[in-house]
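Please find the structures below.
The same subunit A turns up in both complexes below, where it pairs with subunit B and then with subunit C.
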Partner chain A sequence: MRKSWIVALAALAPLYAQNIVIQNATIMTVTKGTLQGSVVIKDGKIAEVGEKVMMPQNATVIDAGGQYVIPGIIDCHSHIAVDGNVNEGSVSVSSMVNIKDVINPEDIAIYRALAGGVTTANILHGSANPIGGQTLVLKMRWGKDAQGMIFEGAMPGIKFALGENPKRSGNPQGGRGATQTAARYPATRMGVEDTIREALNEAKDYKAEWDEYGAKVARGEHPIPPRKDLKLEPLKEVLEGKRYVHAHCYREDEILMLLRVADDYGFKIRTLQHVLEGYKVAEEIAASGTGASTFSDWWAYKIEAYDAIPYNAALMQKKGIVVSLNSDDEELMRHLNTEAAKAMKYGGMNETDALAMVTINPAKQLGIDGRVGSIEAGKDADLAIYDKYPLSDYAKVQKVLIDGQLYFDRDSDVSGRPAKALEKQKLIEKEKQSQPKPAGGRRPVE
Partner chain B sequence: MRKLVPALLLLCAWAIAENPRTLAIRNAKIVTVSGPVIDKGTVVVRNGLIEAVGENLAVPAGAWVIDGEGMTVYPGLIDSLSTVGIPSLAPPPAGRGGRGQTTTTPAPPPSPATAPATAAAPVTPAKGPEDRPATTSWILAANEIDPSDHRIESVRSAGFTTTVTFPARAIFGGQGSIIDLASAERAGEMVVVPAVGQYLAVSRGGGMFGGFGAGFPNALMGYIAYIRQIYLDAEHYKLLKEAYAHSPRGMERPPYDRALEGVLESKRILLPANRVVEMDRMLRFAAELQQPVILYGMREAYRPEAAPLLKKYGSPVLVSMHWSEAPRDPDPEAYRTMRSLENIDQGPAAPGLLQKAGVPFALYSDGLDQPRELQRAVKKAIDAGLARQDAIRALTLSPAEIYGVADRMGSIEAGKIANLVVTKGDLFDDHTQIEMIFVDGKQYKPAPEPPAGGGRGATEEPGVSQ
Partner chain C sequence: MKLLGILIGCGLAAGAASNNSVLIRGADVYPVTSAPVKGVSILVLDGKIAEIGAKIVVPKGVRVVDGKGLRVYPGMIDSGTELGLSEIEMIRETVDTGELGEFMPQLRALAAVNPDSEHFAVVRIAGITSVMTFPAGTGGGEGGGGRGRPPQYISGQAALIHTFGRTWEDMAVSGSAAVQVRFPILGPPGGRGGPVPENIAGLAGETGAVTFTEMTRTYQQEVAKLADFFDEARRYQKAKAANLPGFVRDLKYEAMLPVLDGKLPVAIAAATPRSIHDAIQFAEKQNVKIVIMQPRELGSAAAELKAKNIPVILGRVLALPRGQDDPYDQAFTLPGEAYKAGIKFAFGTFDNQFVRNLPYQAATAVAFGLPQEEALKAITINPAQIWGAGDQLGSLEKDKSADLMVTTGDPLEIQTQVKHVFIRGQEIELSSKQTRLYDKYLNRQ
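What follows is the complex of A and B.
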């Protein structure tokens, strides 16, 4: 099935590999306003955007008359495309594990995300531990292998988690997500803070050890290097500002706690994830330069998610925080455009600011806004084409391009379905034929 | 009458002198594997080794002569990944892990791992890599061989004279050993090579290693991180040990670590990979660890992406013959993925495709231990496009090459170990009878076949689970 689909794509690929012009579209650039015109794509990059453009030679033309082009959607919090458990929940600090090791490029959720206009996603470890695993940013290049999915050059991250999840994960009576076997520290919010501080203390010592080693080598000595510790390596990188911290959090008190911890150890939290009570401490978050990635109107699924309001995103944004809306879920991931639209109703955001929350803002939070997140010359040609106004329930994604290549095309998807169904039916029939006949008399025949 | 004579001769050879030091099989078709097939020739065996093979050989004086008229002689089959010889690792009789069921979850390691752990099991859950969870890297299968394992006779009756037996019960299970399936007094007589590589698993296979306690690692990424840490630690350990050996005076003594010792002693690793995604992941991982690797499993090796990928890395692979099977009495309402249907339909085509692409591979039993099951499993691959001679090679010379022992086994050549299978009819055909098996030059008769549907844990179809 995939095979034939890939063949179909491969046939299309040359058409889209070089120069493409998307014409007659309403182009919502997010950073440079909205206009009627064309987008020119050369070698995977956006070459020109405007009402009138220079038509390159041998360009493939996509006529998007009456349609809308937006930057490919970026999801700052996703768990798709992961093989095995998304949580290494056995330990309180699982920084030694890395999503990069378990990318599953065959996860159908990737294709479904594409069909929802998503071109880039931040793939996170789960929230079972105060300090979780290493994270990375993927482009939804469906059909490529694991390495081909990686957003090259994007800063790697690490998951931190506060509150109920890390508390209960170690508690045998802890309900959802709890381990069956053994109690694990911490069981309180105090313990979560302590666990993070202890791990960072260890990382500081570890860093000092390596710095000392480096100094000796620089002096021309030949010392035995310290033991490389995969748990502390990524935390050392956090201290050195070489790895982003994406912190799962809900309550105002724990948000402030984490900002203080980061301050004490001299690094910045890159994003607060979920952050449903962010509106209560928006000034403090803004002052720390931390981003916030939240839900539009998803709450009350646990006690710490009760004090949430749908105005959270808008209120945080008004205080100067870079705010994004994320999915944390493979279904929600398919309609982040309408999640953004909700902020226009709750909080009165304009359409550009709303759209920014699923495009340029998450790009900024992930440090990839130089490459993606808006429709500007020089950026990657990661684009989603909708048939209708994209901040509407009625809009459907028609085509999705990543690096100027077509990765989703609604027409060929729909027209290809009967052939795929037939192929599958054939295999089922073949299997039935080859089944041994049930031995006589073994089972009463009715 | 013409039939009776060889039969009588056979009977005499077996009944009167079970183990002559010198014997010759005459007038037989000889499939040497390393060279051309000899239509009518003689194999001379002396002191457990093949002394000579050829068309017009003189039979040495005093040799026991077996008239091989109408028979074919093959090299003894080698099961390239097995637990035979370690009775505690025998798969449970029913519900052995079929491979057709998993979809996107990581596949559990193939059936060698489906045994309860019996090693002394720490009860406290591991809190991190430092606790060396599910690690018995220092174990050698050779030290655990029990000649009384009843599977030895069963597997031998299918024509297997040799197994590469692994203590397959942990993340770092220990090193495999090449075992000749002789009825030995002492296990040591069966060992051909005591250490051929470290068996690695990346799952506890749904609690199969329960005895090792839960705890770290738990997710696939945890297993990978753990294995990576062990190799980093081994490298560091080596540095410290060398420095200490060089000048112990004034240097803190590095603590002895049996887990790292076992890892450092292993000259290659075996990693599981069923899906193409897993092949890609594990080949990259082995390259990162700078370890020569053999991949095992290969359920999706039939997919067009597989052979070029495997070829690129050049690592040999072991293909499980526990083919994906259609579920019995499938629920017509149940959703079946296209992938699972393709696995069932095309899985057995993998060996033929790997052969065409020039990927070095061997077949392994993956828990099948009944002669008919094994024969049917090989036949499936042949029916799906693997040439018969290539099937034979994948169970003889290829595994010998993969483990670096082709200088002593895997084909019928002078000087090699006298492991032979003598059949009436072509090996792996439905009605072919295995007449005799020779292990280290000793002759065995196949065990009488159990009544249809009987036998220990036999199911009508091989590999059907649940």
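What follows is the complex of A and C.
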């Protein structure tokens, strides 16, 4: 199945390999207003955006008359393209594991995300432990291998998690997701804070060892290097500002706790994820310069989500926080454009601020806003084209480009279905014929 | 303590206006069952729609609401919820769906509806004025009896309720609108994986897996068991009618009588063409009315549903395809397919936290082939008719219950705001736990 898509896309790719002009479109740049005009793409980058543009030679023209172009959508919280379980939950601190090692480029969710206009996603470890595994940013380059999907140059991250999920393993009464029979520390929010502080404490000492070693080397000495610790290495990077912390959190108390812990250890939390009660401590979050990535309208699925309000995103934005809307779900990921529209309904965001929550804001949170998140000359040509006004459920994604390459085309998808059905039928027939005969050459007796 | 405070707060806030007569003046009225009329008034007297027209004399003492630039629609109806029975999904103490027992038609969802559930305010201020609330979990959509729990065949009576009312009695439109039947599904225990090949059946014992032959046998046994219960109920019906000596009243069989009389449908979740066909066949054999819920594929069942005039409750439109290799838009296009096949259908959200997104599920279907007017019908008049309240709810017509939403535009568009909601003519205060928290923290000092 997947193979046939790759074949179909490979056939399209040469058409789009070089110069492309998308014309007659309504272009919602997010950072430079909305205009009627064209986007010129050269060598995978946006070369020009305007009402009138210079047509490059040999350009492929996409006539997007009546259609809308927006920056490719960026999902700041996803678990797609992960091979197997996203949680290494056997320990309280699993910073030694890395999502990068388990990327599955054949996950069909990647193609489906593309079909929903998503071009980039922050792929996170689960929330089973206060400090979880390392994370990374992917582009949805369907058909490429795992290495080819990695957003080159994007800062790596690590998952932290607060509240119900990390303490669940320690709760003798269990609850959904509690799979362990033996209790694992922590079992309370107090223990979650302690677990994080203990680990950072270790990391601080570890960093001091390496700093001392570095200083000795700089002085021309020949010291024995400290032993490399795979658990503490990524936490050292956090303390050095070389790795972003994406922290799963719900309630205001735990949000504030984590901000203060970070203050004590001299680093910044990059994003608060979910952050459903972020609206209650929006001033504190804004003052700390921390980003917030939330759901549009999830609530009441657990007690820590009972005070969630659909106005959370708008309220936090009004108080000066950089806010993004994420999916954390491979289905929801396919319509983040309408999640943005909900920020207009709930809290009265304007169109640009709402769209920013799924484009430039997550780009800022992931430190990739120099490359993606808006339609501006010099940026990567990561674009989604909709048939109608995209902040509406009436709109469908027509085409998606990443690095100026066409990765999704609705017309090709639909027209290719009969051929794929035929291919599937042939495979089934083939499989039937290759079935081994039952032992003894007899049909089993019922 | 905090929770208690909020509940009390909601109880007080739900008081709203005291009368149930009103005139909405100069609005664009969308009756759903007839063409929209622009710039007219709609008069509500004693909770019912009295008149729609350009020149209505305001009766003395009736309040006037300015509808200029606004639209009036019938309130929306969600055909698949657990509202009032499930507050916080993961906390069992707050969840009253999913009783134990194999055959439980006597259970009433209605009497377990908590009128002060925070969910009601959240959904009614979004314009949803009635919902079907089901006695058993409706999530997942694959139907069938007992996934990972003891099998259940009949879960109880689903209720059609208003989303506003002081008690569940006030809220009831129909205390018993369907009997929820969990029709057996042909599948492996636990619902995961497929059957093991027949020729290595020896493995089955160790892994807990079963062969197709065994699966089929279990399935047939379960269907037979369900049929037995219907047969017993029918014998009970006869015994009762004949007033046989020694007749003993039985609550389970009593609850089945309206089903056997064809007054009450069974509601059965069935995902695939095969399971839809099997459920229909069962209902035909038992000579009972049936509503099919949450199909994921229609295929060959579409023609059968149309030919036999069986209504369908479509589950989430915003859903993943069933299989890895199914088209990415499989769930988006399903309502359009149902429409083209001529099937009568309504939408259900089947997840309490997203009931308010009912119109957006419908709108997604519009993007993928369903006409907009049909989408609107599927959240208003169609569910009213399917659940036996077509004479009371679902459209703006004289003498119907004045369940109205007054909006700034097309209710299927996310950006549209709901400006007024009326349930039985009573204007609902547009506040919920969520709006109150918003106001509180927006103005935090």
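The criterion applied here is as follows: the second predicted complex is superposed on the first by the 427 of 446 C-alpha atoms of A that agree within 3 Å, B and C clash if a C-alpha of one lies under 4 Å from a C-alpha of the other, contacts with A are read in each partner's own complex, and residues count from 1 in each chain.
Note that contacts are C-beta pairs under 8 Å (C-beta built on N, C-alpha and C of every residue); 3 or more make two chains touch, one makes a residue touch a chain.
Because the structure is a prediction, the values reported are computed rather than measured.
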| Between subunit B (first) and subunit C (second), which does A:268 come into contact with in this model arrangement: first, second, both, or neither? | neither
| field | Partner chain(s) touched by A:32 [first = subunit B, second = subunit C, both, neither] | value | neither
| task | Answer with first, second, both or neither: which of subunit B and subunit C does A:42 touch in the superposed model? | result | neither
| field | Touched partner set for A:309, first subunit B, second subunit C, both or neither | value | second
| said: With both complexes superposed on chain A, which partner does A:87 reach: first (subunit B), second (subunit C), both or neither? | reply: first
| said: For A:96 in the superposed arrangement: first (subunit B), second (subunit C), both or neither? | reply: first
| message | Touch test for A:394: subunit B only (first), subunit C only (second), both, or neither? | response | second
| said: Looking at A:301, would you say it contacts subunit B, subunit C, both, or neither? Reply first, second, both or neither. | reply: second
| Looking at the overlay, what does A:204 touch: subunit B (first), subunit C (second), both, or neither? | neither
| note | Both partners, subunit B and subunit C, contact subunit A at residues 1, 420, 424, 435-436
| query | How about subunit C: which of its residues touch subunit A in the complex? | reply | 3, 87-91, 118-119, 122, 197-199, 201, 211, 213, 318-321, 324-325, 327-329, 352-354, 356-357, 360, 363-364, 366-368, 412-417, 433-435, 437-438, 441-442, 444
| field | Residues on subunit A engaged by subunit B in the complex (per definition of touch) | value | 1-3, 83-91, 94, 96-99, 101-102, 104-107, 125, 133, 145-147, 179-182, 224-225, 227-231, 420, 423-424, 427-428, 430-431, 434-436
| field | In the complex with subunit C, residue positions of subunit A that touch it | value | 1, 108, 111-112, 115, 175-176, 279-280, 282-283, 297-303, 306-311, 315, 318, 330-332, 334-335, 338, 341-342, 344-345, 347, 388, 391-396, 413, 417, 420, 424, 435-439, 443-444, 446
| In their shared complex, at which residues does subunit B touch subunit A? | 104-106, 125-129, 203, 213-222, 224-226, 228-229, 232-233, 236, 239-240, 243, 275, 277-278, 280-281, 284-285, 304, 326, 336, 338, 341-342, 344-345, 460-461
